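So, here's a batch of structures to check.
In what follows, subunit A forms one complex with subunit B and a second complex with subunit C.
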Partner chain A sequence: MKKRRDMAFSAFFLAPALIVFVLLIIIPIVMTLEYSLTSWRGVGEMNFVGLENYIKLFQDRNYITTVLNSFILLIIGLVVQLSFGMVGAFLVSRLNRGYKFYRSVYYLPSIISAAAMALLFSIFFNADMGPFNEILSALGFGDSIAGRSWLSDSSVVIYFVAVPQIWQYMGQQFIIYLAAVQNIPEELFESASLDGASSAKMFFKITVPSLRPITSVVVILIITGCLKAFDYPWIMTTGGPGYSSSYMAVMMYREVFKNGHFGYGSAVAMSILFISLILVVIYNQANDSLGSEKNQEKRARRRRMKI
Partner chain B sequence: MLNKVTAPIGYVAKIGKFIFLTVFAILALFPFYWMLVNSFRSNDQIYSNALGFPEQINFDNFVRAWQVGNIGTYFFNTLFVSVVAVALILVISAMAAYVLAKVWNSKVLYLLFSLGLMIPAHTIIVPLFSIFNKVGLTNNFLSIILSYLAMELSLSIFILKGFMVALPKELDEAATIDGCSRTGAFFRVILPISLPGLATVGILAFLFCWNEFLIPLVLITKSEMKMLSQGIQDLNGQYVSELGVMFAGVVMMALPVVVVYLIFQEQVIRGMVAGAVKG
Partner chain C sequence: MKSNKRWLKWICLGLACGMALSGCSGNGDDSTDSQGGSGNLPVIRFATNYMAGTEQFHSDFSEMVEAYAASVKDKYTVEFESESGDNLRDKIKTDLAADNLPDCFHYWTAGSVKDMVDNNLLLDIDEYFAVSKNLSRDNYPESSLGVYTFDGKTYGFPIEGSSNYMLYNKEIFDEKGLTPPTNMDELLEVSKALSADGIVPLAVGSSAGNPAHFWYAAVFYQYYTQEESNTICGEQDKWLGEDNIVKTGNLIEQMRDAGTFPADTLGSGDFAPAVSMYNEEKAAMIYAFPWVIQQFTDEIVEKSEFMDVPVMPDAKYSTSDFVVGGTNFGFVVNAKSFHDESKQAALVDFVDYLLGDEVNQLVAESGRWAVKIQEYDESKLNPLYVRAQEYLDGREERVHLWSNMPAAASQEVFSYAMDELWAGSATVDQINQDIQDSINSDLS
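Let's turn to the complex of A and B:
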């Protein structure tokens, strides 16, 4: 009797979440996959074309450009955010004063709208009045450098779109590392400093190895975060000139909502999901084989970590 | 002896540490300083020196952005949508989280919901557009509210389930013995005691709704129904020669979020870390 009442209650309480989730997440994913196998243009008949859209992707130079751009963002993100995250968390966690101040300040940019930040940076890099060029000319660069319009130069524009985004979300990885650093037993640092170890040595011998389990979380966050990037290029350059500052998600948007290629654009959308999954799997494999001996111990430590 | 050798290295390390922390703090804060200062300056002043100080405090840019740039309309649109979406997210995810935490610990459902953590908006945005278009809900706040609800559901259930599992079992047992139905126990006992968890989830959801760009960009095209993130983009197109207005728009979009952050920092950070690590 009681069991049956619990079941009715569970069904009633789960229903709204399940309905929304199935209707607006699960079914749409299946639909995107379905669209990607058609030549649909948003109206009229949906003609099944098999894998044609995916084959076309490999031959589309614009798509290759957007994949490379997404990878540029990813590489900058990994290098900058991992190193700042670890070093920053190590230094801030060992502060006697100012811990809360630095934590608030470093995380602050991450909570602001990317659209608003992107607009700010498009002014900052503006060729005519942007402070970036003013700073360059104050540093003694001539007009050939300090007069360039960075955001309409297809050879460099991607860096001017990528770096601000990496900057904005640096604090996110830092905060995760900071929470993890605090779970490293303090005795490790105490005995190391009694042995006369320098800060640098403590960082490389204690902090970096202890953070390995959390690094795998952070790397996956950076991969998924970078591959879905859209806001910065769309606000700063609308992905141009040409496709030189478009990421994969920008290409998806342009194909579907500007050119009406629902089928082809959906294939781009699915390819982002596939590439993310492939990268995560490759990373996990590499990570596991690297640390296979110590795995047991690391997993145990991860379980003990309470965040 | 040993100390004398390491002492100078200690100082170098200390100075290096200080420089590192300060440089990154300046990098993080500079854009905020820059947008605030320039939002009070006239267009001519910004054009002549984009890094200068304001000569007088001038609110013209804010007035123009609010009225002519439509930021006022967008501000209240965004506020309305965010508040309704957050309320729905809280109620619906708390109900689901309670069942998963205390009544029926279904691994399958938990896995299904955690799938949502890995789905970015752009993989579902095309079908969302055609579904809402078919039922006539594009250019309707309901379509973005439902989309936000779907996007935030997984993370919210995750965090709330983690919170509710830790609640003592005796709590709802006592309530049921006292004659409360399970539903009554949920609303009268569990929800009030879960307030810290709800605060974390609510704030994270609010930040997401306030800042989201792609979903409204696709679902809303009528100019009087746009969200702030779209309004910001329009400022870039229409007011290219009015930089002060653009700065004022950015400030007005960022301000509520910064205020929420300064008040609820602990919850924001705790929620972010919990979501990231469990996801």
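Let's turn to the complex of A and C:
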């Protein structure tokens, strides 16, 4: 009786969040899935077309471009944000002085509006009016580098749209790792130091393994953040020229709100969800496999053989 | 101890309920509701992009219309839904999908409203004129009404024309010992000379097609009449096979390669950056439009002269005989709202005011090409606007291609194709194929 009452009490407090989750997340996903199976233009009848939109996606070179662009952002994000977050957090945690200063400075870009940042960088990289090319010229680069139109050059524009976004959110991963590093027992570092371990060795042998659980969280945040990225390319280049700086979310927006292809755009939206889920599942499986007892024993045996 | 825990649970429960209920209480003032309507007064939802922006026009329009709404607050309530520039299109598309169109709204013409017309969402304005005390069909030129006319019925009130004009900075040309180009060869020569000195010859970039697609039309119409353009844009499989369309693309490529346009065509695209570049004398020429007239500084207007678009090789039609433009913006009424007897009178009163002489005079004063037939107080009109009207007087109007596209999707594909053409990221053949595919798709 008491157990039932406790459960009812818990359910009562969980209910509002669950209702909001169902109303704002689950129902829109189901509706988007429904729209993705139609050729709806936002007005008039919804004609059911089955998987036609999904088949069209894989034949659409613009969609393939946006998927590749999203993966470029993801790879840069994983490499840069993970490494900066981990290394930066480790180094800052070792500081005796200036810890709070570095913590604030590295986190500062994250709190600035993404729209303002994107506008700033679009002016910064502007070949006609921005300072970036002038800086390159002052550094001695010739016209072939310092005279390039980075935002209009379809071969490189994606990097110039991705890098500011990666830079802005590096601070977020840094803060997460900093909190995690501070929870690593200091005695581990002290005893390693007494044994003569260098900072690099302490980082790779103590910090990195200890941060594995939090790295799972950070990786999932980076995956989901990169795959739904929209604001930077939209403000800097509206995803152009063509689709060369568009991510999947930009394509979704253009198809739905610019072209009026609600059905096709919904299929793009669902593909973002499916790809995110697949990547997260793959990562979790790989992570679990790496962390499993069997694999840990294998690695320990290899280390002993090396010694 | 147990009873204390039980009391604590009930107190927490009570607090939670109290907080939840206090969050739900009251009607929550709608931030767009200027009047705080009450009782059974009809509510008119009005969406516009005339109230959002940094121009004097935006604040003057807001002040004027809000004052009127306040004066009629005992009869009906006006809810303003404001978006800036092209964002209004996105907003209306969202409202459309949610079956929640405003009662009346500013909107673009022709292909932009096709879907709404096909689904009987917009009012036939002849029904409106039948009940309006202040407006009639005679207030609008038939050519302007044509952009909202489908199968003999007209579904919108035209407000703005988009007559394009070209300016050059006389001072820059005099300093460099150059004369404004009159043909393609001279344009390429002048471009090379100016860009060698770090001056952008022509401030026409392309960001989501703006303002590039207007310049593209200025070249295109040297080879095609309006009727031919209507056929090419309005029928399947007409765009791709046209030699002069390929020629138009190739000419743009030549201009691009000669440095005629800003180097960063995307970064320096769109209307405001182009005007800014021209105002700061970083560009020697500009291809401009009525809605940017207020953005030119007095200093640059003093130094500027009008010129015709340079004549292209083998052009059939002289650029001094036509002007690219056409009515591209206006006002539409939700048919369902009009037929709602409880709000028809209020809607008619408000729309009569919005389209009346006083508001239209303000539109004209902002430099926008007001198409309504009425007496305008010319002493209050922007001097550059007056000069432009004089310069372009008597020229045949050719509707710019974006407006001529059959529906929203092909309009967008055409716009983004211009980005690619200007940036050189796609070939002319690829661009033309994309445009043809989208026209065919919209017409199927």
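Observations on the structure shown:
The rule is short, and it goes like this: the second predicted complex is superposed on the first by the 269 of 307 C-alpha atoms of A that agree within 3 Å, B and C clash if a C-alpha of one lies under 4 Å from a C-alpha of the other, contacts with A are read in each partner's own complex, and residues count from 1 in each chain.
In the analysis below, contacts are C-beta pairs under 8 Å (C-beta built on N, C-alpha and C of every residue); 3 or more make two chains touch, one makes a residue touch a chain.
Bear in mind the structure is a predicted one, so any value in this text is a computation, not a measurement.
Three-chain overlay on subunit A, with subunit B and subunit C in a clash. Touch criterion met: A:Met31 reaches subunit B, while subunit C stays clear of it.
When both complexes are overlaid on chain A, the residue A:Phe262 reaches subunit B and subunit C alike.
In the superposition on chain A, A:Gly196 makes contact with subunit B only, while subunit C stays out of contact range. One of subunit B and subunit C touches more residues of subunit A, and that partner is B.
Of the two partner chains, subunit B and subunit C are each touched by A:Phe9. After overlaying the two complexes on the shared chain, residue contacts for A:Gly42 are found with subunit B and with subunit C alike. By the touch criterion defined above, A:Leu68 reaches neither subunit B nor subunit C. Looking at the shared chain after the overlay, A:Met129 reaches both subunit B and subunit C.
After overlaying the two complexes on the shared chain, residue contacts for A:Ala115 are found with subunit B alone; subunit C is out of touch.
Looking at the shared chain after the overlay, A:Ala286 reaches neither subunit B nor subunit C. In the superposed three-chain arrangement, subunit B is struck by just one stretch of subunit C from 94-102, 148-156 or 328-336, namely 94-102.
Shared contact residues on subunit A (touching subunit B in one structure, subunit C in the other): 9, 13, 16, 42, 122, 129-130, 256-257, 262.
On the side of subunit C, the complex with subunit A involves touching residues 9, 13, 16, 20, 89-90, 93-94, 96-97, 115-116, 118-119, 121, 200, 207-208, 262-268, 277, 282, 407-409, 412-413, 416-417, 419-420, 422-423, 425-426.
Taken in their complex, subunit A has these residues touching subunit C: 9, 12-13, 16, 41-44, 122, 125-130, 147, 149-154, 157, 237-238, 240-242, 244, 254, 256-262.
On subunit A, the positions that touch subunit B within their shared complex are 5-7, 9-10, 13-14, 16-18, 20-21, 23-29, 31-32, 35, 42, 84, 87-88, 91-92, 98, 102-109, 111-117, 119-120, 122-124, 129-131, 134-135, 167, 170-172, 175-176, 179, 196, 198-200, 214, 217-218, 221, 224, 227-228, 230-231, 234-235, 249, 252-253, 256-257, 262, 265-266, 269-270, 272-273, 276, 307. Interface of subunit B with subunit A (complex): residues 2, 6, 9, 13, 17, 20-21, 24-25, 27-29, 31-32, 34-35, 46-47, 49-51, 92-93, 95-96, 98-99, 103-104, 109, 112-113, 115-116, 118-131, 146-147, 149-150, 153-154, 157, 182-183, 186, 207, 210-211, 213-214, 217-218, 228-230, 232-233, 235-236, 243, 246-247, 249-250, 253-254, 257-258, 261-262, 265, 268-269, 272-274, 276-277.
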